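Below, each structure is written out as structure tokens.
What follows is subunit A paired twice: with subunit B in the first complex and subunit C in the second.
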Partner chain A sequence: MSAVGFIYPQLCFSNNAIISTFPGTASMLSGVAAAAKAKGYKDYHVLGIAGDGGTADIGLQALSGAIDRRDKIIYICYDNEAYMNTGIQKSSLTPFGAKTTTTPPGKNIRGTLTVKKNMFEIIAAHNIDYAATASIGYVQDLINKIQKASLVDGPSYIHVFAPCPTGWGIKTDETFEIAKEVVDSGLWYLAEYENGEFTLNRNPREFTPVENYLKKQSRFRHLLEEDIIEITEARDRKWERMRRQWNKN
Partner chain B sequence: MKAIRKFISGDDAVAEAVRLASPDFIAAYPITPQTVVVERLSEMVEDGSLVSEFMHVESEHSALSACMGASAMGVRTFTATSSQGLLYMAECLPYASGGRFPIVMMNGNRSVALPWSIYGDHRDSLSQLDSGWIQIYVEDAQESLDMTIQAFAIAENAEVLTPVMINLDGFLLTHTYELVEIPEKDIVGSWLAPVDNPYAMNFDNPRNMGFSSQPSDNTEFKYQQHKAVEDSRKIILETEKSFEQIFGRSYGGLAAGFMCDDAEFIIITLGSVTGTCRTVVRELRKEGIKAGLIKIRFMRPFPTDEIIGLTTNAKAIAVLDRDISFGYEGTVFTNVNSALARTHNDILKMNYIAGLGGRDIPKESIREIFKELEEGLTTRPDKAVKFLNLNVETDEKYSDSEDNSTQHHREGVLLWS
Partner chain C sequence: MNRPPVRKYIKPKHISDYPVGPSFSAGYLTSDNSGWRTLRPVIDNDSCTGCLKCYLCCPEGVIYPKEGKIDIDYDFCKGCGICSKICRNKVIKMEKEKK
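Our next item is the complex of A and B:
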């Protein structure tokens, strides 16, 4: 956002807005929220947006602190699965196998070796008032969740899956379709955490093939059959556990 | 009710000042020797004597980041830190000054690791001298209290809108108990105008802040920031004057001279060592030596004109630095030297590195410095930087360079290397 919409003198927001330091999205939000309280404001929301790197890596500490304090903030993680501002480097939310400029696939290593950090449950483990996952491929679900978060009297967190055409090697007009397919193939999920309980918002009877999703993106094109099997099995284990432990609607 | 007098530490004095200034928002993270400030403020919030949003952050980076968020909303903000904590928030320091957030921060001066040391020197704050903050250094607990209150007035002045860092020597000042006059809250309340930041976020005229700039604009933003700090000199002096009118105390502007009018040998200090130096200057005066002292109170804006004016009759000056910029010299010396280069190129300028990591600076050593200044007028040492009371062998040449023992040391070092 600081790179595109916030370049003096072209400032694009018609509401109050500020760009924080890279690690400081949550802490700056907390300060704004505390000042709003000190000023006695009644009708307002304090909302922040950070990337997957800003959320799960460098800003995790500040976010954890804000949730721990139960600061009244809405925090949105815009997850495009890598550091895109700096030109596609691996973050802890980059999925297994993905090619980035710091995980280049070659003869010895086939892309990212780690699996995507489980941010949703890490946030839920703080006993947060409200947390949800979403995808820009399911817009109404996302809108509902933001509306819900805005009513919470405490911290709320929404983890939004959002493809990056340049970083993933897809066409711009495929963004929406990919963001939908990731949910339909079970590689991402729509869920909520509220009142100490997890709920799966979407529980497909059958998944679309993982391979179809992966093969559409050049970041996964180098993967071998065995990698795809590994990704599929990991998906199934995750869903088996979610279906067993979480509420379904 | 009138002002009361209490026997309190430097940390306590800062906390009292914060209570009197009553910031709407405080965020801080504990670190020795600042911790007492955080604890006192927490107690004040608990007992209701301070009404403030007190945020227990998980780090110093978050402390200053949160202060910026609150300050962007136009409320009075305070934080406090020291050493490793100051360095941990380093990213936020220029962010706060560049964003023109009038935050006040207390820093308990402490050595920076490695090696670890909880004791005092000035390397922490001086390493952040270029971060765009106004930097104040105080000498005792009363000055700590008075300047913390004034810091809010200076920072929040619409012409300044620059964060202020007030520095107290770790332990020597933060933990030393003195009798301090604590003014009445109402009187401070009526002296210190409420924050009125015309650029803060508001609903009627929404603000976009923290933006990027292009090469075509960046210099102009930096220039305005520089100008604000330069122009703060006037506000600093006005603030001191009006504070004195109400509270009866003042400390001498950006740099305070002591017996400098006719002084031929002047020592220049920062912080709590000033007291010891003042005693020595008095003694030397009794002995007929024209000694003087300059206490630098603000490192930014730097008191260039004050130092030039106070050294009019000086033949030699010594800057006592509780820091070293490795590979060069003490940072205070660099600044003083640059100021004096305009008018005083001919005088002897020496730099004594002392009091690192809490080492004592005894009176005798300060007397010795004055002696060396006098001798230096004839020996004209070619090296300005000298570590005071160094306990390690050195091959460095000082004024006694022809001395056999130095020669011996040099050979010793060569043997080892």
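Our next item is the complex of A and C:
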């Protein structure tokens, strides 16, 4: 994983763990899986955890290759929507409008100009064995999905929405609620992809207002009404398509 | 609590005491990690129902079930306050850390 630091000789896991290179979480997992197979191990999981930058930007090629080879690995991307460790730089998973140190809002430009990369469907397009989206605000759903991934005989991918207090301008005790509200407001969604089919796990009849979600975070505080309308319309277009094309639960 | 115990790290004295690579046995803790905690979660009353929601949500994994209720491992708690906010029965109160 590229996400957890250890200072020798301290290791916080009771399991064996390795820190990968930043772009190499998936290729490292491939190597570990190959070694476990060669050793004839039977009872094990090869699990990697990496951030949005490590996954959707610099590590995408390695991840794509591992899925293509159908390596038996579980890949978890925790998405805090920017490069947080190095000081809040924009990634391709930073949402439209968000303030980062590389997308500062000013008179002419109001934060991030690009929209969040659609990683879930990019991964699904590999015809992967199992992929899912989740949020730390819906913990049981997340646990169920990890459980499901652990039973897959091939690659699996879980994309977890995970707020960052420093980067988003929220209090440390608010992360759980924000991660729930993003799903309730429709700006994130809980879904699965298996056997070539998409399923929406949660299909709210009514969304909570996008504005309430955005205005709780200082990274969105500069947004104008027209920006919020744009974000709301993009949400509605996405849900119209998901509801039309995907199975509903 | 089922984490490995914190133990003293004995620094190698000679080059031959060092391992060949930068690897070590898993679960080897040599220090606690709670120095940046400014608020301390305190179990304030006994209306805990043992629902274990705080146990599921603690980002540090330092809440653990104990005799139908919960306990907190202060050696690694960072004081984020999520457990306090999440508990419907207001069992956990955040207090100023006295260190």
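The working rule: the second predicted complex is superposed on the first by the 244 of 249 C-alpha atoms of A that agree within 3 Å, B and C clash if a C-alpha of one lies under 4 Å from a C-alpha of the other, contacts with A are read in each partner's own complex, and residues count from 1 in each chain.
Note that in this section contacts are C-beta pairs under 8 Å (C-beta built on N, C-alpha and C of every residue); 3 or more make two chains touch, one makes a residue touch a chain.
Given the structure is predicted, the values throughout are model-derived calculations rather than measurements.
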| item | value |
| --- | --- |
| Partner chain in contact with A:Glu177 - subunit B first, subunit C second, else both or neither | second |
| Touched partner set for A:Gly169, first subunit B, second subunit C, both or neither | neither |
| First, second, both or neither for A:Val139, with subunit B first and subunit C second | second |
| First, second, both or neither for A:Arg69, with subunit B first and subunit C second | first |
| Intersection of subunit A interface sets (partners subunit B, subunit C) | 8-9, 11-17 |
| Subunit A residues within the subunit B interface of the complex | 2-3, 6-9, 11-21, 23-24, 26-39, 61-62, 64-65, 68-69 |
| Complex contacts: residues of subunit A adjacent to subunit C | 8-17, 136, 139-140, 143, 171-177 |
| Subunit B - residues contacting subunit A, complex | 24-25, 27, 52-53, 55-59, 61-63, 65-75, 77, 91-92, 95, 201-203, 206-214, 217 |
| Contacting residues of subunit C [partner subunit A, same complex] | 3-4, 9, 22, 24-31, 56-57, 59, 78-82, 84-86, 94 |
